Amino acid sequence: MARSPEPEAPAAPAGTDPSAVAIDGAPDEMAESTEIAAEAPAGFRVHLATFDGPFDLLLSLISKRELDITEIALSAVTDEFLTYLRGLDGPDELEEASEFLVVAVTLLDWKIASLLPQGELVDAEDVALLEARDLLFARLLQYRAFKEASGWFATQLAAESGRHARSVRLEDRFRERTPELRWTTSLDDFAALALLAFTPREIPVVGLDHLHAPLISIREQAAHVVSLLRRGEPVTFRQLIAGADQKGVIVARFLALLELYRHAAVGFEQLEPLGELTVRWTAENWSDENLVNLGADYGQ
Amino acid sequence: MDSETIDGTDVESAPAGIPDDVATERALEAILMIADEPQSVVGLAAGIGRPVADVRRALAALVADYDGVDGTPRRGFELREVGGGWRLYVRGEFDDVVRDFVHTQSPAKLSQAALETLAVIAYKQPISRGAIASIRAVNVDSVVRTLLGRGLITEAFTDSETGAIHYATTELLLTQLGINSLDELPKISPLLDDGSKGFDDV
Amino acid sequence: MDSETIDGTDVESAPAGIPDDVATERALEAILMIADEPQSVVGLAAGIGRPVADVRRALAALVADYDGVDGTPRRGFELREVGGGWRLYVRGEFDDVVRDFVHTQSPAKLSQAALETLAVIAYKQPISRGAIASIRAVNVDSVVRTLLGRGLITEAFTDSETGAIHYATTELLLTQLGINSLDELPKISPLLDDGSKGFDDV
């Protein structure tokens, strides 16, 4: 299914690189179908009120940069995302943090798929790699399709709510023919119904169900990463995540690396595209106090 | 033309009016189709921004139209003036068909939606339709009509300011529940107290 | 049909629905006058004791009649097929005029999250909450609750193995969208077909 989605993509203009097309089409449509930051001409902005889910963010990042996601410079997007997170304040931090982990998982999947072929994914597994990459691509396309459809739903619901159907009080002469009421609700059931009715419909929940692991501290994982790297020898990312039995731990170590990179504490080396990623300790003045603030952007 | 007829008092109240080329009959049909209560001629005239005399003429024309006096079909409904207002009714000769239809269509049991709405009214009475709708997060108009029709609720009073009708439960509900007074309703207050905070704006 | 249901006890009330010389259209008009929700063709046919094909023809004739296609007046109301049945509506161009005469409480608009979830359910039904969540990549519990509460979706079935509840959309949703069946949803299948290959495990 490698490149199959594009030809059918409704927004795809003809004659461009197919893998880029679907995403190229995104910016304008995104501006219409979502309120995400579309009005901000410069600078990356996401309005919290409408921020909803990692795909939203990925889509807006991608559409803003007009990048082909299969060749996207992930680090640029990640940096941008970190900057965005850094600018956040207010009571939504916890939610942001959890949402971020979801985004990070997606980014990580993506990164693994596109940049970090580790272990058994090397060489002949390029095909599988492409598929994994396109799976993400397909997911984004699918999500976008539903998002566009939701615009149609909104329009229809709004239009129809202005329509008036005949719905009038039954004339008395017909009322008498209504069958006699059969009451089968007990007093307790009645009270239970009231309880049900008074229960607020939308209870604000931080969506964590999809993370099957407990929240993992980026700071703790950073400490682990730092302890490995400070020995001085370059370490591959594969080594860094060796023994990690939870996806969340891998994510957190990945995030920790990004954070450390931002503090200029580590450097990356990759000899060839999709090659092994080597991490090197580059900090000149590092104290463990730096660890204390690490991950603060994620509400930790 | 529109503005003169309502003596320019409140241009906004009849922004819709209707375009000059639309027959008064058509606009009246639209209103009569959704009107629950008989509509006065003056009210109709104000609503569509046409002179009272024109509305009167159009109503007479509609009556004749629906009655089929000029070779038009004699409709299954008719326009009648009842209690000082105009409303669409089922034409008398179809009463039997409609009665049977109502009989077979109306369920003997209340729907889940109706029961929930009834419970809301029982615990929060007197309560307006708008307040019920906010709690239930759905349009409750037809359900409230059903409950009224079943005699389980009644119109307690009309708010003099907002004009909103407030509903209360009846003796019949108490009988059905097997209790003597509303005090005997099981207490759900802890949650109600908590929940109600969110409904203050209702 | 009526006669069976009342086993001949009351010959007057429903000898055979309506007299033979009464046009089906007229009886339908009478019933549509009191209908509170969309009426299915079959239900209408049973109600007036006329064949389904006849009812279908008559409904089409009424639509044309009210729309004024054959030189008849274009009425202020129209007959629409929505949400799996037929119902009288105010003609769209009179919605503004009519607004002041109805005091319906429309519930709050759905959030973007609810709209997207609704779209996912509409296109992929029946679908479990987990599957929705993995498409939207967020937790959808509260949104699903909202949609259930509004009657826009319903619990279609529970998977006997996993215990996962699968959701489907309701006729009320169709009504509120102003469409008659899911076939009228805009086509997004080209995109989905490609994307869905990867989601078999979802």
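Note that the chains are named A, B and C in the order they appear, and that numbering of residues resets to 1 at the start of each chain.
Just so it is clear, a contact is a pair of C-beta atoms (placed from the backbone, for glycine too) under 8 Å apart; a residue touches a chain by one contact, two chains touch by 3 or more.
What you see is a predicted model, and the numbers here were worked out from it, not measured in a lab.
When the C-beta pairs in contact are tallied for A-B and for A-C, the bigger tally goes to A-C.
Relative to the centroid of all protein Cα atoms, the closest per-chain Cα centroid is that of C.
With centres defined as mean CA coordinates, chain C is found 22 Å away from chain B.
Distance between chain centres (mean CA atoms), chain A to chain B: 47 Å. Centroids of chain A and chain C (each the mean of its C-alpha atoms) stand 35 Å apart. Residue positions 33-35, 89-90, 98-100, 102, 136-137, 141-142, 145 of chain B each touch two or more of the other chains.
Multi-chain contact residues of chain A (touching two or more other chains): 164-168, 170-171, 174, 201. Chain C meets chain A in the complex at residues 32-37, 77, 87-90, 92, 95, 98-99, 102, 106, 109-110, 112-113, 115-116, 118-120, 122-123, 133-143, 145-146, 149, 175-179, 185-186, 188, 190-199. Contact residues of chain B toward chain C in the complex are 13, 15-18, 23, 25-35, 39, 47-48, 65, 73-77, 88-91, 94, 96-102, 104-105, 113, 129-130, 133-134, 136-142, 145.
Remark: chain A residues 164-171, 173-175, 177-185, 187-188, 190-191, 193-201 touch chain B in the complex.
For chain A in complex with chain C, the touching residues are 1, 4-5, 8-10, 34-35, 50, 52-55, 99, 102, 106, 134-135, 138-139, 141-154, 156-168, 170-171, 174, 201-210.
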